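Labels A, B and C are assigned to the chains in the order they are written; within every chain, residues are numbered from 1.
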Amino acid sequence: MYFLAFTYELWTPYRAVTQHQGFVNTPPTPVHFFDSQGNFVGPFVYGLKYELNLDTFERIYTEDVETIHRIRFFTRGEPYRFWGRIDMDWRLFDAGEGKVFLLGSDHLGRDVFSRILAASRISLTIGLVGVFLSFFLGATLGGISGFYGGAVDILIMRVTEILSAIPQIPLWIALAAIVPIDWPVTRTYFAITIILSTMTWTGLARAVRAKLLEMREHDYIMAAKIAGAGDLRIIYEHLLPGYISFLIVNITIAIPGMILGETALSFLGLGIRPPAVSWGTLLEGAQNISNIALYPWLLTPALAVIATVLLFNFVGDGLRDAADPFKEL
Amino acid sequence: MSFGKYLLQRLIYAFLVLIVISFLVFMIVQLPRGDAVDRIVNARQAQGDIITEEEEAALRAQYGLDKPIYVQYFIWATQFARGNMGHSLLGLPVIKLINERIAATLLLSVISLIVTYAIAVPIGIYSAVNQYSPGDYFWTLVGFIGLATPNFLLALILLFVFHKAFGLSIGGLYSPGMEEQPWSIAKALDLLNHLWIPIIVIVTAQTAGTIRTMRATLLDELGQQYVVTARAKGLRYRQLLFKYPVRLALNPVVNSIGYILPRLISGQTIVAIVLNLPTLGPLLFSSLLSEDVELAASILMIQSILAVIGVILGDIFLSLYDPRIRMEKGAT
Amino acid sequence: MSDVVLEVKDLHTYFELEEGTLKAVNGVSFAIKKNRTLGIVGESGCGKSVTAQSIMRITPKKTSSVSGQIMLHHDFGAIDIAQLDEDGDQMRDLRGREIAMIFQEPMTAFSPVHTVGNQIMEALFVHGETDKKTARKRAIALLDEVGIPAPERRIDEYPFQLSGGMRQRSMIAMAIILNPRLLIADEPTTALDVTIQAQILRLMKRLQRDNGMAIMFITHDLGVIANMADDVAVMYLGKIVEFGSLHQIFKEPKHPYTKGLLRSIPKFGETDGKHLATIKGTVPVPLNPPDACPFASRCSEFIPGKCDARMPDAVTISPGHTVNCVLYEPTNIQT
């Protein structure tokens, strides 16, 4: 999935920001294999015609069965800069002169399918980056707290308690609202990551601490101490191997939370801002009922989110079972 | 008596936590936005008024903004504690705006909490007792999807489904025109009619989580020796199940009131924005967007207070429920 | 009428696991008489506890199966427990009233969130007592009888407020509240200090004298067996390999396993310069075991071609003393 996210340009027919004039809010284009006479021509799409419904001012799109645009695979299509560096124009598929919107297009005539893939880059990485940030904070502080105990422990634990006492989403909203609107995309990206991490490290810190406290009681740590091993040595040689799997499991479980957080913020318009795209910003267009009712394909990014989070949860669950040596037979 | 002492300790601690939170809230909401005077000045300049330095300074003095930050915080906090939360940019006292919405917030939270448990506990018991049965797998799957679906997305999807299927618009808590009317049976019914969709939405994720907790802990408890002891006494499985393992497995569930309540309050926020519910969430959102600082700070504070109360309630319930904790706390 | 309370014939308890069939109890027969104590001894995993659970019919329902005969004798006849529905009313009626059981770990055997009294009286309520005051009186009297000081106060306390010894005493009170005719004690003293152990054993003997109940005493501790039992069954890997009176087993052990067990008891004053004798290896897991002597793999007197060919028959050495070992089979003694 991350591979898709990093190479999305290759897989999508259009650039995420390309506005296709005259193709505003089109429904998903059906891909046909047989033409209107029933002859097999391979995958193709019809050209689109639209007319304006004068009562509601909605555009009604109909397929023009006269024009057939074959879907071409491994073609040279709309040019782009791969990773912002290399000029390329390789695309997995497009429809030549025709338009292929697998999941429809939005109110500016942008291809939703291309945008979902493009958005995955930000949505998925923000989960990763955010988790590593909060993992760093959580593991370090939790580790210090659990290993040294005493006053440091109390202080850190109090901080986590206080932070976790504030309702998470309102605080995120409040923090995200501070981020200036005129910041460039990358800076916003990191600001949002930091905001998300400020709240999520506490859980990890507590988990790490609890685990460490439990492990510290084991006799083999006592044995190492008696043998004269230093603190750092004990941490790296004896404690780390024991809880590394535990950490990995926790990280996997924390990622979806991050992705959801980003989605929520962007959805409210407080997170990643256009022209950058994330799943949340894509869903912003689906905020009101009339939009959803008329253009239900705008909801498809939600499915991407749900699928991703499900995947992470399953993997996390599987890892947890695999990492638990005391699991029942 | 000693339990009362424990309670008092908890309350004092909670109070201290709230003080720290209030400081954070002040820092987050108040400081970065410039002060109220800047905004007034900006607004009036936009209208073409000319404001002199002296006028600005006078305004500053009037709002107490010429003082150092900690003094400003102190003034804000003491005013807040007295119930004086300042004025919204909408021209109304903040406390009035909040009062209008706090009832709906609490109503939603409490009903959601009850619904969560009412659904999750029986299903959790069923899943644990019939481990690896098709029913168990079904609920596990439902649980996973429930956990994976952010509730605001669920709200969107339900909005869509209901619109398509019934042509219903399901936003808000009342039908148009109902809100202003005095309380009557019709109004209460109307409220119920609108309430259940937000409740479904808010409850889904928490229910899924609680089912999993309930199932896991009950499975643990079912393997305990005391279950065998009880069987050896000749108890019926059903009697035994509810008297012993279920009772013990409910421990973490009872305690979860402490964190589920804050999560409900938190999770409501976005749902309420999507579904246009008259709770605190949308008000916070709009106040932040419009830089309505005093309103935003107060809402954040109120939400935190509700959350902290939730945590305390969770602790109290657990210690009433579990004699081990009751005794331990009583002893210290 | 004979004094036999319980007669077990060819008991098999199997567990169906993913890896195969685990034959935890594999053809066990014995009888327990009124006023007598049968000690069952063996290493961990030999099937002692499963035997006890099979008699109570409290093995896990989904994965286990019990076959053979478990005859519970009455003046008016006998019931085959193995034939009863384990969740049926008849079996439930027997549990607690006719056969009661006490467990190894008195901490976990009590529910931590119910008072001791609640759990003791429960047996009464389950078996028809309705009056709370009577039940409470009986429970207090019993707690007093098992030697718990201030029973009026203790009855309302929670298990975690009692010491290990007191918990075990309460557990015994809970088991004997309905005057069962058979008490199964599954390692009742293993988790206790030695001094407390002695007290509990003395208590059980006294109760047996007073009530005349039969006791099935399970332990891995030969010292405790020597103290408690009238008859001893030595179990290994789901089978009884030797059965006899206390005297016969301790003074004239026949089976190599019994001998090995007895050799591994440390004796005062004999430690100088000698290693304590051990039995080499560990108890194998009885997954799909071959039809052979279960001890063959660890036996120091292993005879290839005989021991691993089939399960040896029971040979009667002297009245009441039987052993399952090829060494004592008549054909082998002659050669």
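Here is the rule we use: contacts are C-beta pairs under 8 Å (C-beta built on N, C-alpha and C of every residue); 3 or more make two chains touch, one makes a residue touch a chain.
Quantities reported herein were computed from a predicted structural model and do not represent experimental measurements.
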(request) Report the connected components of the chain contact network with chain A omitted. (result) one piece
(request) Quick one: point me to the chain whose Cα centre is farthest from that of chain B. (result) C
(message) Can you identify the chain nearest the overall CA centroid, using each chain's own CA centroid?
(response) B
(request) Return the distance between the CA-based centres of chain A and chain B, expressed in whole Å. (result) 25
(request) Round to the nearest whole Å and give the separation of the Cα centres of chain B and chain C. (result) 55
(message) Centroid from C-alpha atoms only, then distance chain A to chain C, rounded to Å. What do you get?
(response) 59
(request) Among the residues of chain A, pick out those that touch two or more other chains and give their numbers. (result) none
(message) Which stretch or stretches of chain B touch chain A in the complex?
(response) 17, 20-21, 24-25, 28-29, 32-33, 144-145, 147-150, 152-153, 156-157, 159-160, 163-164, 169, 171, 259, 262-263, 265-267, 269-270, 273-274, 281, 284-285, 288-289, 296, 299-300, 303-304, 306-308, 311
(message) Taking the touch rule as given, give the residues of chain C at its contact with chain B in the complex, in rising order.
(response) 53, 56, 58, 87, 92-97, 100-101, 103, 105, 108-114, 119, 122-123, 126-127, 158, 160-161, 171, 174
(request) Please name which positions on chain A make contact with chain B in the complex. (result) 161-162, 164-171, 173-175, 177-178, 256, 260, 263-264, 267-268, 283, 286-287, 289, 292-293, 296, 299, 302, 305-306, 309-310, 313-314
(request) Enumerate the contact residues on chain B facing chain C in the complex. (result) 224-226, 228-237, 239, 243-244, 247-248, 251, 322-324, 327
